[in-house]
Structure formats: structure tokens, C-alpha cells
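In the two assemblies presented below, chain A is common to both, partnered first by chain B and then by chain C.
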Partner chain A sequence: MSTRQDEVTAAPPRESHARQFGAGFVVKLLLMMAVNAFGIAAILSAWNAGAWAVLGGLVAFLLLADVIYFSRRMLPLKYLYPGLVFLLVFQVFAMAYTAYIATTNYGAGHNGSKEQAVEAALIQAETEVEGSPTYPLTVVRDGDTLGFAVNDDGTVRVGTEDQPLEDAPDATVGDNGAPSEVPGWEVVPRGDLLSDQALAQDVIDLRVPISDEADDGSLRTREGATAKIYRSSLDWDPEADTLTNTDTDVVYSPNDRGTFVGDDGSTLPTGWYVGVGLDNFSRAVTDAEIRAPLFKVTAWTFAFALLTVVTSFLLGLLFALIFNDDRIKGKKTLRTLFILPYAFPAFMSALLWRGMLNPEFGIINKFFFFGADISWLQDPWLARFAVLFVNLWLSYPYWFLVCTGALQSLSSETTEAARIDGASGWRLFRSITFPLLLVSTAPLAIASFAFNFNNFTIIYMLTGGGPNFDDTTLPLGATDILISAIYEISGVAGGRADFGLASALAVFVFVVVGVISALAFRQTRKLEEF
Partner chain B sequence: MATENPAPAAARRQPTRRSRWWREVGWKYPVAVIVLFYAAFPLVFVLSASLNERGSLSGAQGLFSSVSLVNYQALGETSYWTWVGNTLIVCFAAAFGAVLMGAAAAYAFSRFRFNGRRTSLTSLLILQMFPQTLAFMAIFLLLLALGEVVPALGLDSKIALISIYLGGALGANTFLMYGFFNTIPAEMDEAAKIDGATHAQIYWRLIIPIVTPILAVTGLIQFIGSFGDFILSRIVLVSEENWTLAVGMYQWVSEQLTANWGLFAAGTVIAAVPVLALFLALQRYIVGGLTAGSVKG
Partner chain C sequence: MRNTIGKVAVVATSVALLAACSSGTTEETPSSAAPAASESEAAIDATGLTLTVWVDENRKPAVEAAAEQFETDTGATVELVQKNFEDIRTDFLAQVPTGKGPDITIGANDWLGELVEAGVVNTVDLGDKAGSFEQVALDALTLDGQLYGVPFFSEAIALIANMDLVADEAPATWDDMIAMGEESGANRPVVFTTSMGDGDAYHLYPVQTSFGAPVFAQDDTGAFIPEVAMGGENGEAFATWLSEQAEAGNVSANLDNETAYELFASGKSPYIITGPWAMTIGGFDGLDMQVYPVPGAGDEQAAPFVGVQGFYVSSQSENTLLANEFLTNYMATQEAQQTLYDLDPRIPVFEGVGSDDKPWLQGFVDAAAQGVLLPSIPEMGEVWSRWNAAESKIINGADPVKTWNAFVTDLEKAIS
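Moving on to the complex of A and B:
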């Protein structure tokens, strides 16, 4: 992948005639050397990691880069390529990949390959072996590799995750029975485990095999001072493609939904992701648990986007009509002050309003409602109103600016002609000014609708989508719009992850946005300008 | 007018003229005060809260009831300045890269006639309509895979976040600049070409100096766009020392709204003032750009 800064700057400075060895050519050569060095390093790394898809992409992008920049032809591509690479990887591919995820059951319990699922199942089924001896333990390290050194009846034995236990004859045992010095290893002081949370977690996760035989189990520790033998109650049979519980003799075999199902009907918690076709889409419209809240969210998304555009357009238009008047002194200053909310970073405004609307301490209740205890963001309808109100505050300046500009560019001849015909005041506005204004602002209104349709920031920062619906297990609420619902269902911020369903919803939003854009196209006929 | 009229007539007309002035213009001043109050009240409030020494939402009783800088000093004990640094790095790099790539693409579209030019422009126009943020799950998985190979492009890396922002750069910026590039007469290029200049020399020495204003505006729009992004930075930047302001300040307010209020207010004032100043100074250009690219609104 040539995704790096040098590549970005690599685009323009080059000469098409390689026979001229000017300064530009040297710069180009140096940049291409850097790109190639990085690309080849990344390709080797991909080879080592066995990441074949990434490897293929890297090779293709690097070859293309060399062909484009060292050939005399393909002039336009020399200027387009760096941007195209980023566009293809982080936008086009990301969108296509979203569509792919929508056809899988990727999510909690299904987030890896089958091999990973088997490994996780084996680890989860691990329990302390009954009657296991307790070994005095010292944690040792060699660079970044952590290991266990245990005192096995007077013999010190050392091992790591990949290296089963072996005798360490020259080690010494301390007063507490645990090894105190192990040649070739650095002893990790017990105090470090208490002070370093990450290290303590690594030690708790570490399992050191007793021997090459997996059935012998492995050593684990809970506190870093003693180790016990743990063994998995599951046994993986690669030939039969089954996991067998050695305690209960239940045999688990894989099903086509990426889950191991036992012959007694029970399932294992870890699965892997598989294609499920259009299941996520049909689940969204048939599963009552999902359908009802999703319908409310979708309806609110449309209402929110539409009402925001209408209210902020009308308010902005009203202000523009009032203050587009040369007789007002200080018009410019006023205009600058009026658009303050728009210049203020949106996420900060939303968080600010969240505090101001706090029922207990918020200044809105205190100043304007005489200290009443109005739960602006906790009651479903009040929260919806508050979201619209805050978004009105955020977006009216945009329409104020747009309408002011549009009003100023209206031809005075038309209005003069209407005046001569006897139209004035309201009639003039209704029949002449407003329709003309609508024509010039309609494309912007459509764009604004599309923007607010996906206005994640205002919703998430102000209400977090809440107050939550109480008739569903999905983490959705009364002010959730589709994109915040997708965010919450996907579980990236915590909670149960369902990437499949979330991606299916994202595809739905893509379609809606596509339709809106098509409408916008018709309106603007922008294509004709090319 | 008044000076031309004889005094008695002026005296008689005074009340009617006055009331006419009130009816047509005068009433707009009180309305302006109301609008001003509506627009600026939250901002005045956050300034007052940032200066309140009690530092909590419950303590902020009246506006400017106390004036002290304790909240600003307290920011030094948090990760705030680290986040400011991260935000600046990410936003500047994204804006710089986006401007470079957008300008190069606009130059190609504006000056070269090649096969697929129309199709490419149309596809770009369509692509830019789809918000990149919606693909955050795919981006998350993509970074997981890339991080295995190149850690700098994996999760919790600022470079990865910048790259993601650059992915949206071509669609968003090319059109704004394309129109501007088209206004530069092609005869200038022709003349330079006849003098023996290469296409790279024309681009760097001739075109770029002329289009600097639009480059600045595009960069600023991109900067504000990345500054306000939450969803992508939240997913990519995992550890606290890598967070941007949007992620960090959301964390403050979402967890301990009342307790962290003074910190939030002070942090907001510091971060918003430069953005506010830049925006207002360049409002003429930005509004033109926004109506063309529609980043926000």
C-alpha cells in the first residue's frame, strides 16, 4: 500500500521526459525510492504475516505506482493516483466491504476464523485439574517474552507459552520456596505485578505447557506466586472436525451458522463468522424484537432531517429578510455575530447544550423556567424537541448566510416589474421572492437533508440516542437516528456486537443517500457543467 | 431631506417620519438584540462557566459570579494538551494531504483531456455523497488486517486516522478546486508550454501560486471537518494518549458531566476561539466553499 505522506507529495513534482535530469527528476526519483522501499518492506511483512489479501493489494498498488510514474504516458494518472489510492482503499473498498459484512453474521461470538474459534473454545473450557499440586512460582522474562519458573519438588523448571517446561539446573531457590535466580532469565519482582496492570494481565493470561503433549495440560497462575495445572475439558479432533468434551462425552460439531452444536443440543459460546446471505436484512424487517424499534428510529431519522432543514431554513430566511436592509447600521457586524453558532465546533456545541439542558443544574431550567425540574433529555418527546431546538441553533446561521446571498442576487428587475404590476409586501414575497429563492436553494436543502440524515455528532453528543426504548433489548432510544443506531448495534463502543445487522442497516442508509443524491443531481444538473 | 425642507414643515413631519422609520427599520434593532441573545447566550455561558472557580455544573449559578483561572490551570493536570497536540497533528496532516491531492486531481481534470475523464468526474461526484463514517465497521476490520502487516496503519495510530480522512479528500475537495482551476485561462498554460515548460513546472510554478486562496479555504474546510469528526477517531484511536479533542472531551462529559464541567468549559473556550476567529475571518470564502461541497449544515 502506498498510503503514506511521501506518496502524497510524490504526485506532482516530476518531468515527463526522463532524459532531462533536472532537480524535479531527482526529487521524483528520491520519492519513488522511498515509496518503493516502504512498499517492499510492507510486502515482506505481509508475506511473513501470511496476510495474502493485503499482500495482493500492496503488490498491485506498488506496481501501478512504478508503471505510472516511470512511464512517459498516463499523464493524468500521475496527478490522480495518490488520491485514488486513498479513495479506493478507505472509501470504495470500505463501502464494498460493508456490503459484504452485511451478508455475514460477524459480531459477538462470531468474530474470527474457525481455527480461532476452536482455539478460543479450548482455552475457555480450561479448568484447574482436580488435585493438582501447587508449585511455588516466579515470573521471569527474556526481553518481551514472559515465562514461568517453578519449583517442582526441588527442581527448578522454566517454560514460556511456546516452550514447554524444561529443567533449569543452575537456578537457585529463595526462602519462600520460589526460584530466586534463573540463569538466562531476568526475574520479574512481585511488586511489578501489583503496580503494572497490563503486566499482571499478561501473567494471568499466560499458559505454559507442561510438555509437548497437549493432554498434560498447562501451568497457569492467578496471583503470580503459585501455579497450578489446568487442562481443557474439550478435545479437538481435526479429522472429524469435532470438539469432544472429555468430562461429559458430548461431541460438538460445526453447523452452517458458524457455531459448534453438541449432540445434546447445547452450543459453545465461541463461533466463527460465515456468510448468511440476506438474513440480516430479513431479520431487520421480520424479527419483531428488531423491527419495532428500527421502524421508530427510521421514522424519526426522516422527521429529524426534514424538520431540521425546514425549521432552520425558515428561521434563517426570516432573519435574512429582516436584516438584508441597507438602512441598518452595523449590518456587517451583526451578520458576523449572528453566525457565531455555526462557527463554533459542532461537537462542542452539542456537549455544551447537554450541560445547559441538565434538569438539575442546567442553566436553561434555572434561568428560563424559574428553577423548574424539566427533564429535557430524559423524556422521549422533550428530548426530540430539544434535539431539534439545538440543531436549529446550530444550523440557522447557514441558511441565514445562504438566503442573504440569494436575496442579494435576485434580479431587481423582476421585483420592480412586480411592483409596477401592483404587487407589494406579502404578495411580492409569496409570488416572486420566495419561489425564486426556493429554486436557488433547493439543491442546498437536499444536501442539508442528506447531511442531517447522518448527523451523528449532534445526536450522540447531546442525548446519546436516549432515552432508551423500554420494549426492546436493542440499545436504542427515542432520539436515535439510523447512523447512531448503527453505531450502537455494531457494539464498537461496548455492548453486544452485531456487525452483520449494523452493516445491513448501513447498506440501507447508503441506498437512501443514493436516492437523495439522485434527486439532487436532477435538481442541479451539475453533470451538464463538465 | 430634512435640511432641504423649511423648518416648520420638518417639525410637522417629524413624528410621521419617526414612526415610519420605526415601522420600517427601527424595530429591527430590538429584534437584532433578541437574535444576538439567542446566538450568543450559550457561548457567553460557556465562557462564564470556564471562569467559575467552583468548576462544576452545579456551582455555575449566575453568569460571571466569580472570575478565576483555576479551570484553565487544572487543564494542565489532564491529558487535554496532549489531545490538542494530537488534534493539531491529525487535522493539519489531513488538511495538507487533502489539499495536495485535491489540487493535483483538479489540475488533471481541468487541464488534460483523457479517456474516462467524464466518467471519473461523475463517479467522484456520486462517491462523495456517501458518508465515509457509515463504513466505520469495514474500516475497523480493515485496520485490524492492515495493522498485522504495517502497525503504523493499524488501530490506535494517528497515521491510520489521517489516511482514512485522506480517503474522503478526493471526492470532497476536487470539485471545489476544479471549478476554480477552470477559471484560469488555458492560454497561460499554452504560453508557458511554448516557452518549454513541462507539465510539472506549469503546475508548480504557474497554477499553484494563482490558486493559493482556494487551497487555503479547502484546507480550512477539511481541517474543520476532521476537527469535528468523532465516530472515526473514536474507533481508530484506542489509548487515551492518542485521543483527539472530540474523543477526549466527550469522555469527560459523558462520564462525569457535572464534576468535569469547569474543565470542559475551559477546554472548549481554548479550542473554539482559534476556530471561531479563523472561521469568521474567512467566512466569505468558507460559505462559498460549503455551499459547493456541503461539509456541514
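Moving on to the complex of A and C:
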């Protein structure tokens, strides 16, 4: 890498096209203008949204872009930079974020921040005092102090957060029953209330005690026109970081799992997410409830990916060999027909197959098995077979295409030389054609393995992972591969969400696919030496 | 010159991008909506504020109509975001804590436990409007004595009979129904979805309850507690019954909703077990139908699940006041509820809502009257996929008692 850079910089100074005031420069300038315009717009959006990490990243990307493209040097980076940016944004960031979630307990019941959990606990604990009348209400203010003025059966009473309700004898009541004028207070019209978001939020949060006795409750409004008496059974103490139940005197304090635990052992329903270190990873291997089904799923994932690649490669190769023969007429038409399954969207084909495999209404049983009642997708082994078969049907055209291309590019000289040496038929294929074919198709086979390792579509659309295992607590099934198991565990489709565990498994899948690809690519290099 | 062009480009794209970015959030956006017409003291001028509401396709036009009035009265903008109903729960749970969620969303009552556990919903107070709602609908959206939503319909499954094939007589038991269905000469005595092999415990639940095996135990107040009640003798009796019915061909593992609708609509089955939604989407137009409660097969009354849908207010909304104003004064009205009903008729929950031209509705009302509310405790999330799978296996010939007990044990482990 560095030597190449040296060559570039050491080359005799020749003005680049982009640095002369020609057409190239104008094009470059226009492009950079667009990049800067979008970059700055995105930075402003990030600023408005208060997303500081994103903002920092955007500024760095934009500055680097300007430096790279307006500098005389850094020629290689001029080519690499866009790719690097995409790699960082779409790959590295997503992976890093998944890894981060894997170290938290983000999931059902641990969904937001701690402040939100406290807020939720207070919302849940605040109940209407039984038999509370509905008071017509006017919001009043004195400078920055907000207050409620209510019409209590003809008497107007006023109070603030710190000042319990007291009579305001000289106040007048308007047509709608709510106080219209309160001496010493400025009346806030309801229109102002709704148009001022901040003020409206203050009014929503305002609680005016109805007496000196805190237990009597306080006035609260939800829409700014009426008030009712509410009482909260929880008291938040930000200093001590505890919530206290004023009815039972139970003190709830936060634990390191993101839950408020009372001193009597009870917990509050709403938690928040916290870092749990490598807990999710160790749970996946030590908790027998998770380990046992995951082991089966992992084994099937490998079998599924491997068998799919092998079967579809062999079938595709077979057809490619047959249809590469010069004696066959109408090769082009036939080849086009063969590619058809590949041309349909996979999810639609999978759905179609699901219908065709229906034991009662599907055509497979009706046409090919004399109407026998074969539950293709309900028996574990039949379902696995069906998944493999449908995936074979979906993917052999790809290999047919690839192998046809590879066969046609083989030089006829090698084959002829082999023929002169006396090789023919099977021997020719085994010793010459096939090894040469592997040189160009092996990397594709690895890519295909990695793709099928994460082939969510076919599993989800054809069997949904079922039929479920009999002996496991996790609702996973015989045809679940890792990626569909992760989907199930994540709770996106229903059920209890556990994004932490799902992310930990996703990291595991990433490592497996990465290692296998690396090893396999190293092996294919040996093929090229052939 | 170059500088000027650059600046213009920056400004132009900034504006476009910012507009695009802010439209999905509840930030203040400039609005050209006219201020309220009346200049009286009570006139509300919320110009510039945007209320974001998540709705599904069927609810959108009705909410749109109510929102129009609201916009004229207040000057605020109501932004309706149409989503798939199935996506709303997950998206709401994920987006509210980040501050990106809507102010209001529609939702089902069985989400409530999870929404409360996640701290994403606020309580609501219907004030004197509460009296106009069916109590059961309010109960459905209530948890620990707190009301969290404004309901707009309830629903329960029932047995729909084709009058051309069977007599107008509610079958007293499951066996009666099968006998009457077989007598009709149709291919199948009854059809209902089993999600094409995945199992569908929801549609079999009335029969299950008739064996005295409800999903969860209930406390003194009738609220569900996370204690599985499907096990034991009663559950085993239901599992055995299911296995026998599958053996006899009365329960098929291979039906989904569409196939079941099709078989019923074409007269290949005189009975179908389904909900009021099928009346709109099932293609039953022109059939002479009667609706009865689903008959039980055990000794107790068959009780279907009653589901309720309503509006929830986000706990992170910056427009709580406006959201409450919209819900209590614009959606909790007979007019708005009637529009909701007209567009997608389910069991109305508001006083005076309904119509005379849908005689079948009463059957669903009767069915719902013997039903139990869908449990809203968060543990319910663990139940469905295991439950469906267990029933599917039994229908496909697995040993009923063994499969059922394994399912109950697994479920108990999962929620403990």
C-alpha cells in the first residue's frame, strides 16, 4: 500500500485534471458542493434533534471529505473514501450497536431510561380520589408561578404547587362555570394554554394540594378546563434515588438490573435498561433452557446451509453440463426456462410452496401422492426435507447460470489436450473440467453458504420455524435456523421481547459466518494454484 | 459567484431535509391552517402544534373526519400515520422511549400490560364521557384501577350459520352442531382457521373454556393473575377432545382464514367460527346467515375471548393536553364512534352507536356477553406461540395428554 502511494507522490509533478480550471474541475466542484450542502443540512438536522454523536460523526466525515478531495495528495483515498464511509455507516456502526445492545438487558420491561421508568411509576401510582367532584377550572398565573382557580360549588378557590387551595372571595365566575377573574392573579385563557406547548406541559405537571394534609390529594387537570382530585401513592426522592409508597411505607430502590425493588422484596413493573456485561452471552451457553434448543438450531443451521449449497450446486452443475452439449437444440429457450425460479421473489415462491404443500388443499399431495394425507410441514423431518427441497428449487438456477458461464469460459485447448492424452468422459470431467470449474465457483459457494446461513425468508415464509420442539421452553422449532430463532427471541413478532439476548446471538452468528468465510477463502486460494 | 450557488444549494437542501426530518416527529412545524373562526374567549388557537396519531387502514378515515373538525376548531395539525395494526405494538414500544413515537396510537387491550410495563402509556380521564361507554370496554383498558385508553370497539368470535343449509336453531353443544352440520350434506360440518398448521388457540378457546380450562386463573376481582390454569384434568380433557375431533375430521389442521371463508361462502360448510371482521372481508354477501355463540363441548359455558381496541396516549407526548382534548372531545363522541363503526362494523362500545341494517351484529353481542376479556397481563405474550403449537401438534396426531402437559409445564417455566 505504502509503496504504491510513494510511487504516486514520487511521480513527476503533473497537474491533475481536477486541478485545472477545465471541465473536470467544474464537475468536481459541483459534486463537492452537493456533498457539502447535504452534509451541512444533515448536520443541522442532527443539531436540531440533539443527536450529538451523530453530529460529531457527520462533521468528521464532511471535513475529511473536503480535505481529501481538495488536497493534492491522498490519491488512493480519493477512490476509497466513499466506500469506507459506507462501510463505517452501514456495517461497522450496525455491528457495534448490536454488540452494545448485547451487553444490555434491553427488552420487555426494560425499555427506556431510568427517568422514564420513574415517570411511568409515578403515572401508574397516581389515582383519582374516589368520589372526587369535577371542578370547572381556570389556570392563573402570577409572574412565573402557575396556579389553579376552581369553582367549588359557587366559591372560587385558588392554589399553587406550594400553596394549598384557599378561598378567593372577590373572584368572579364566568358563563362556563369556571372562574373568569381572580384578584391578584392573571387569568390564562385556555387558548393560550393549548397553543403554548411548554406552558401546557407545565399545567399538565402542576398539582395543587387541596389542603395542608398531603393525604387529601391534589388537583390535577388533563385538558385545562376541569380539575379532579388525585392522590399518588408513590413519592419520588431524587436525592436518595428511591420511590416510597406512602400507603405501605415500602421503599423502592434501584438495583443493578434496572428494576426498582422494595425493601419487602416486591418490584415495580416498569424498569429501564442497564448494561449487564457479558451476561447475555453466558446465559446463551450456561442456561440449559436456552442452550439445549440453541444447540439443535445451530446444528440444523449448519446442515441447512451446507446441504443447500451442495445439492443446488450439484443439480445446477448437472443441468449446466447437459445443456452445454452442442447436440441439444433450442438451448437458449431451455436455459431461460431454467432460470425462471430464480427470477421470482423468493418470499412469494416460499408462500406458494407453503400452499402447495398443504396436506388437504395443496397440489403436491393431490397430484403426486394420490391424495395421501402427508403433513409435509408438521413433521420435524418432513419439514426439514421440505425446506431443503424448496430451497433447492429456488437456488439451483443460480448455480445453473454460474456453471454454464464457467463451462463456456474454460479454454477448449485444455480439454483437447486431455482428449489427445486419451482422457474422455468421466475422467475428463473429474480431472480437468471440475477442478477448473471449482476455481471460479468456490468463492461463490462460500458466499452462498453465508447467505443461506442467514436465509430468513425461506424459513419464515415456509414453516415459520415450526414444528416446535416438544421439550424446550423457548418457542423454537425443528426448522428454525439461528437467524429465525433470533427473530423469535427478539419478540418483534409477539411474545416477550429480549433484545439483549437476541443481539448476543446475532454477534455469535456474525462471528461464525466471519470465521467460516475467512477459513474457506483461504482454502480456495489453494485451488487457484492448481 | 461560486459561493452564492453553494449557499443557495445549502439553504435549499437544508430546508428540504429539515422539512423531511421534522414531519415524522412532534416538533413544532409551521402550519398554514387557519386560526379558529370564532374569536370568543374559549377559542383555542393551537396553530403550529402537531398531534401525531397512529392508525390502521380501517380506522384512518374515521379519525380523519374527527381530526378535520379538531383542526378547524383549534388550528392544530393532526398528522395521521397509517401503519399495519400488527406493527404498531412493537413500533410503539421501541419508539416512545426515544421521544420519536406518536402522541396517540390505536391499540388492542391485550397489549396493555406490556405497554404499562414498558412505561410508554399515560392514563386518561374520560370525565362525564365515561358513562356513555360500555363498562366492559373501559374495564378492558384498565389496569390496577387506572384507565389507559379510550375504547372504540370490542369483538369476539361466534358461530355463523348458513340458513340455506341448516335450520335457524342455535346448537346447544358442539356435538349437536356437528350432527346438524353433517345432516346438511355439506362437505364439512364446520370450518375455522388453524393458521394452516401453525395452530390457532384463539378460535378454539370457547370450547376450551367449556372444559373449565381457562388460560390463567383469576383473582377475586376477576382480574387475570399469572398462574396457568390450563393444566390438570380439565386441560387434559380438552386435549383429548381435540385429538378425537381431529381424528373424526371435524377439526382440520390445514385451514387458514381465507380457505375457511371460501369454504363457508361457497356452501361447502354450513358453519364457520369467526369474528365480526369476517362480515366485511369474508365475502359472505348474499348469504342468509344467523350468528350464535360458539357451542361448548364440556360441561361449562363456552366463553370466547373478548378483545377491545382503543386509543392510547404516549407517556412521552409533548402535547398531552392537546391529545386529551382530541380524545375526550372529538373521539369520545357518538358521531366519531359511529363513523368508526360504519367503516368497519364490530361491536360498538358507545351509547347510541350501531345500525339497524346489520341483524347479525346481535349474535356477536350475545357471544361477547358470555366471553372473558383477553388477558392484558404481560405474561400473555409468552402464551400464544406455545399454545398454538401444542394444539397444532395434537390436531396432527400427537399424543394429546402428553403434548398438553408438556406445553403447560413449559409455559409455567417460561413465565415464572
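Following the convention adopted for this analysis, the second predicted complex is superposed on the first by the 313 of 530 C-alpha atoms of A that agree within 3 Å, B and C clash if a C-alpha of one lies under 4 Å from a C-alpha of the other, contacts with A are read in each partner's own complex, and residues count from 1 in each chain.
Here, a contact is a pair of C-beta atoms (placed from the backbone, for glycine too) under 8 Å apart; a residue touches a chain by one contact, two chains touch by 3 or more.
As the structure is a computational prediction, the values presented were derived from the model and not from experiment.
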item: Partner chain(s) touched by A:481 [first = chain B, second = chain C, both, neither]; value: neither
item: Contacts of A:359 with chain B and chain C, given as first, second, both or neither; value: second
item: Between chain B and chain C, more extensive residue contact with chain A; value: B
item: Partner chain in contact with A:319 - chain B first, chain C second, else both or neither; value: first
item: Partner chain in contact with A:387 - chain B first, chain C second, else both or neither; value: neither
item: First, second, both or neither for A:210, with chain B first and chain C second; value: neither
item: Which superposed partner A:45 touches (first chain B, second chain C, both, neither); value: both
item: First, second, both or neither for A:188, with chain B first and chain C second; value: neither
item: Touched partner set for A:464, first chain B, second chain C, both or neither; value: both
item: First, second, both or neither for A:123, with chain B first and chain C second; value: second
item: Common interface positions of chain A, toward chain B and toward chain C; value: 42, 45, 49, 354, 358, 360-361, 464, 492
item: Complex interface listing, chain B residues touching chain A; value: 24-25, 28-29, 31-32, 35-36, 38-40, 42-43, 45-46, 49, 56-58, 60-61, 93, 97, 100-102, 104-105, 107-109, 112, 114, 117-118, 120-122, 125-127, 129-142, 145-146, 148-150, 153, 159, 163-164, 166-171, 174, 198-201, 203-204, 224, 227-228, 230-231, 234-235, 246, 249-250, 253-254, 257-258, 261, 264, 268, 271-272, 275-276, 279-280, 283, 287, 290-291, 294, 296-297
item: Chain A partner contacts - residues on chain C that touch it in the complex; value: 2, 5-6, 9-10, 12-14, 16-18, 21-22, 27-28, 36, 41-49, 74-76, 89-90, 93-94, 96-97, 114, 116-120, 122-125, 127-128, 144-146, 196-198, 252-255, 259, 315-316, 318-322, 324-325, 328-329, 378, 381-382, 384-386, 389-390, 392-393, 396, 403, 406, 410, 413-414
item: Complex contact set, residues of chain A against chain C; value: 29, 33-34, 36-38, 40-42, 44-45, 48-49, 108-109, 111-113, 116-117, 119-121, 123-124, 126-128, 134, 174, 176, 189-191, 193-195, 197, 200-201, 203-204, 222-224, 226, 228, 269-271, 289, 354, 358-361, 375, 377-379, 464, 466-468, 470-475, 477, 488, 491-492, 494-497
item: In the complex, chain A residues that touch chain B; value: 1, 3-5, 8-9, 11-17, 20, 24, 42, 45-46, 49, 51, 53-55, 58, 75-80, 82-84, 86-87, 89-98, 100-101, 106, 319, 322-323, 325, 327-328, 334, 336-349, 351-356, 358, 360-363, 366, 393, 395, 397-399, 401-402, 405, 444, 447-448, 450-451, 454, 456-457, 460-461, 464, 483, 486-487, 490, 492-493, 499, 502-503, 506, 509-510, 513-514, 516-517, 520, 526-527, 530
